[in-house]
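In structure tokens below, several structures.
Two complexes follow with chain A in common, the first pairing it with chain B and the second with chain C.
Entry: the complex of A and B
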């Protein structure tokens, strides 16, 4: 049996080696597509790398704009990656981070339009977005606990429900009266997240995302709730036997997971767009699944994994402009990386099986 | 309100239900076959999209729609084989693998569509399938135009339901398939290769998903768009639950869902009151979640669903 949450009995360097191997295999496989598109493989990957992290000259001159852009794009993916990692730890199959993100964005966008002092407004937005995301995630968890409805399918379907809800809002009562476009009215200027580096978009939400990873790691690794989450995921029968109320743990996990995804939406509203539109998430929720798996469900690993996928996304757009290779190469890389990571996890599985067989 | 009722009771409305149900029934049957053997295929959404793209492209360049359907079926089978390789051959998580297949296939579909048909304002189209009136039968009042003036693929789907039911319940291969999903250990003891059976079931299921995708780009519509599947694959997974893993009930579930969808489309067109059209678009999804809540998953799920099988494990 290959278990998702590989045990600590595998050597620590596996945590780094496996994702790196998976990413390397992915890039080799996807280079075939670049060749089919008639572009030079090394040149294309070079352009991606430069677009995501800046070229050497810019870096030497202290121009880190490209890196900050990659970080800005990574921020929502850190949150959705954490959301999925937390959920999958408890084997709550939350595929609904996309919808929870949108719910967070709506709630944050609504609260952000209320005139308030800046700090209070940002806190209120985060609280509202977290609650909204958590509430959406609670639905599939509750359906599973009470009615044994498969959480994968219900959380997936809820993505569409929330999306159409958002569309109905911004095309109807919430349409921006000034522009008349299907976008929400802008949030208050005081609620705009402060930017930390002059000339960049490195906003407060990025910092919060980077801080959220160690906090979530602490919750999972060092708290009672985290312990219950891990035991519930690894062995629900044992958890029950040990007096853990598995149903309650699943609901708490859903709340935490959904709240994290909701914060991803708040960050995009408060730090990037300052309003809500239908295309506020280009699939950040689904990327979260890839990120969580690359990170081996470790909250600390979510940060580099999110930065990698963010680099792929920003990089492939630039590569497409320069070489004509369709920008969707980034999406293929994302899917391939997930599959390759699963294959890489086999090595931990076999390790486990041989050591556990007692031969 | 009378105008709405009138809209609903037209022949065209009932014919539309059958048309909308066709791809859903195909996809649901494909997923059902896969799950009956013990393999959940969450790759369905991406497999349908990629097949819709390859099928459309093949038809566009060959000028032969049936070649397109064949290409779509082959694509679906190939991608399902990949899913089987990971989940059956290597025993990887069916949930995560399926999501991976969907992301992978979605990326590939967009990538190759953009590569082959460079971004243009006018989307490429094909001369899509025409409805075929069955002689004599289509002359029956009311029933004729509803049931017997449909696409050939729809007739084939209608035939596929009893065929799949017979294969599943009345043939040795069907018995093996069900045993692989219900008690793989016993199947193995009886000399059945659980791995081979599951591979075959997943691949056959994938081919059906592929044809479902082809129906959308070559019969229901005449072009490929990025949103052509728009959740139909996910809904098919829910319909399998609603149809309790039985071919007849699955086909019935697809029809019921198509009814809801057709009502939704008509209400949208009629534009009653000030209800935003999104309220109707969301209806099928809410309906599906509600339907799943009513028919809880554990009711009839194959016991070995989601469980990888390894011969040497005891």
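Entry: the complex of A and C
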């Protein structure tokens, strides 16, 4: 007999062990799919690992291109992961990071086309993108605070609203006049984010993303706003009783969360694509939810979690080319990792008791 | 199930006759129970129309209806006025007389002594004593078993009440779970403890919420320290010097998942020394908690212990420490000793009396009449959302309060 038994406290090492256990379980489960696809399990995972972080020979020769590509891909997911982590801390269920990212990309793309000196242009893009993302996130938060509308549903549905808004823009008034394709006109050259390593795409946005994690951690752990966010999430009734303006905290959380997701969009426009197109995000916003959960809503944990998912994404493409396993395995790994993490979280509150039939 | 009749509530889940409810048989059983135990209820009334005491009677009838041989009652008298307690006891004696067993759980020693034929005392989840003849055992002896030490009732030093520090003037509310307030007038003076008695659910919740800033009244004024409170939010009343001990310690007072230190700094987290320029000062927060843990003898694993791991008595001490550290002009406490053992209860009472001596005004809402009679200078009785009467504690008796609690109006003394 296996029983679940309530646990009074959670050991500290669980914070690290749970995500690792969840990832291990995911890889074991997904190896079944690789076997069904008719490829060697170890070879497939090996190819994924090499594609994500580079093979040994390249690393020895100082060729870090694969790693930088993984980081470039991780950057928007660090931002969306932080966005979701901040929101979920306050129990503001923001499933709308995808739409907020797109709003940030649109705003960044518009501002980026205005001729300005480089540094100013980049700052303006970031500000515009952050505000746009925050404004989109404010909608479900306001609906919840004022009209008690379920934030999961409203934030999720807003994703489609923003996506089709973007489509309407780039198919219509914002279509690039030169190419005629449904993409926005390119941003000014001066607004292109600088690249730090010759021969790679390691751009300014990646560095900002890596810096954002400790900053967000500081805000959550060490400021009055962060304290209010945590208390509001843990016990809104006690927060209100103590004089915290819960509604205001939820709106601030939404602004902060949306702004972070908006920055993800700005980074993709300024550092990778230099223009806006409909497929600018392959679901970075949704990956943010997986990342935030893997990180147990800890902003510092978001970085490794985002790098893991990024590695899975780049790795699964390479694996598909080499072994013929469909790339969808990457999505399956992502989804399974979320499920495994949710199962693993059960163990923070409960422990398993094995008892023999005799007892 | 409030929207069903008494009879339907009894028949739920019972085997019927050929797929239909056996209504006639049910009526007959109900009448039998009414005759043999003195527990009568009209089978056709809707449960929603029953008073709390009648609903409790229905629960007991239901158990008997289903042929229970053993009844377990957990604090059954909390929702009853004193004279209804006698009725309940008469019924329970009749049930026991028919050969059924009853386990009666209560923290009120006089009830245990009046009703039971054997009594066990539990302390910290362990059996602390087994008393063969409770009626012949002194309450003092039981109390000693309950807390493992001799209990002395706190002394009430003579002090003269000063100016009015808390005043409610024609306060009314609506839209509150439970009873709304109807035109409540109440004043608490410096160095005075005003008790609020009443059968559970007669507006005590709304009264506490209005004063604590959790519920904005539809009419009336609230004055603290002689000034009208305009910002009627929790923040606004705190700024006027109101200390608050909420009824539900972990739901509205402290945050179970946070470290104790954070829970204790919570209401003043936005102010120095706990934060400066929006940045938390963890050292100041921990120092504050450490000092209070020492002063109030809060048993815990230190200021970083998770709040939820503390016992009820220690949670209440933490709440008291948090409020008293900032020298409130007036303190409102709702059910301050509910669920506490005798030692912790005495600690709370001593603190209250100490505050009174120091010039603080206190409003203590409690369902425990003994507690109110021990502490209060005056006792206000609530009935159906209004103050049914205010009596000086010197003239108050359980019988007189009980009369007011059941709705007999009396002019304020």
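Keep in mind that, in the parts below, the second predicted complex is superposed on the first by the 341 of 359 C-alpha atoms of A that agree within 3 Å, B and C clash if a C-alpha of one lies under 4 Å from a C-alpha of the other, contacts with A are read in each partner's own complex, and residues count from 1 in each chain.
One rule holds in what follows: contacts are C-beta pairs under 8 Å (C-beta built on N, C-alpha and C of every residue); 3 or more make two chains touch, one makes a residue touch a chain.
Owing to the predicted nature of the structure, the values given are computational and were not obtained by experimental measurement.
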item	value
Touched partner set for A:347, first chain B, second chain C, both or neither	neither
Of chain B and chain C, the chain that contacts the larger number of chain A residues	B
Contacts of A:14 with chain B and chain C, given as first, second, both or neither	neither
First, second, both or neither for A:241, with chain B first and chain C second	second
Which of chain B and chain C A:45 touches, first, second, both or neither	neither
First (chain B), second (chain C), both or neither touched by A:230	second
First, second, both or neither for A:222, with chain B first and chain C second	second
First, second, both or neither for A:64, with chain B first and chain C second	neither
Parts of chain A lying in touch with chain C, wherever the complex brings them together	8-9, 221-228, 230-231, 234-235, 237-245
Touching residues (chain side chain B, partner chain A) in the complex	42, 46, 86, 90-93, 95-97, 99-108, 110-111, 114-115, 231, 234-235, 237-238, 241, 276, 278-279, 281-282, 285-286, 288-289, 292-293, 296-298, 308, 310, 313
Chain A partner contacts - residues on chain C that touch it in the complex	212-214, 233-235, 238, 244, 246, 251-258, 262, 266-267, 269-270, 275, 278-280, 282, 306, 309
Sites on chain A touched by chain B in the complex	1-2, 4, 33, 36-37, 93, 95, 143, 147-150, 152-154, 156-158, 160-161, 164-165, 167-168, 171-172, 286, 289-290, 293, 326-336, 338-339, 342-343, 345-346, 349
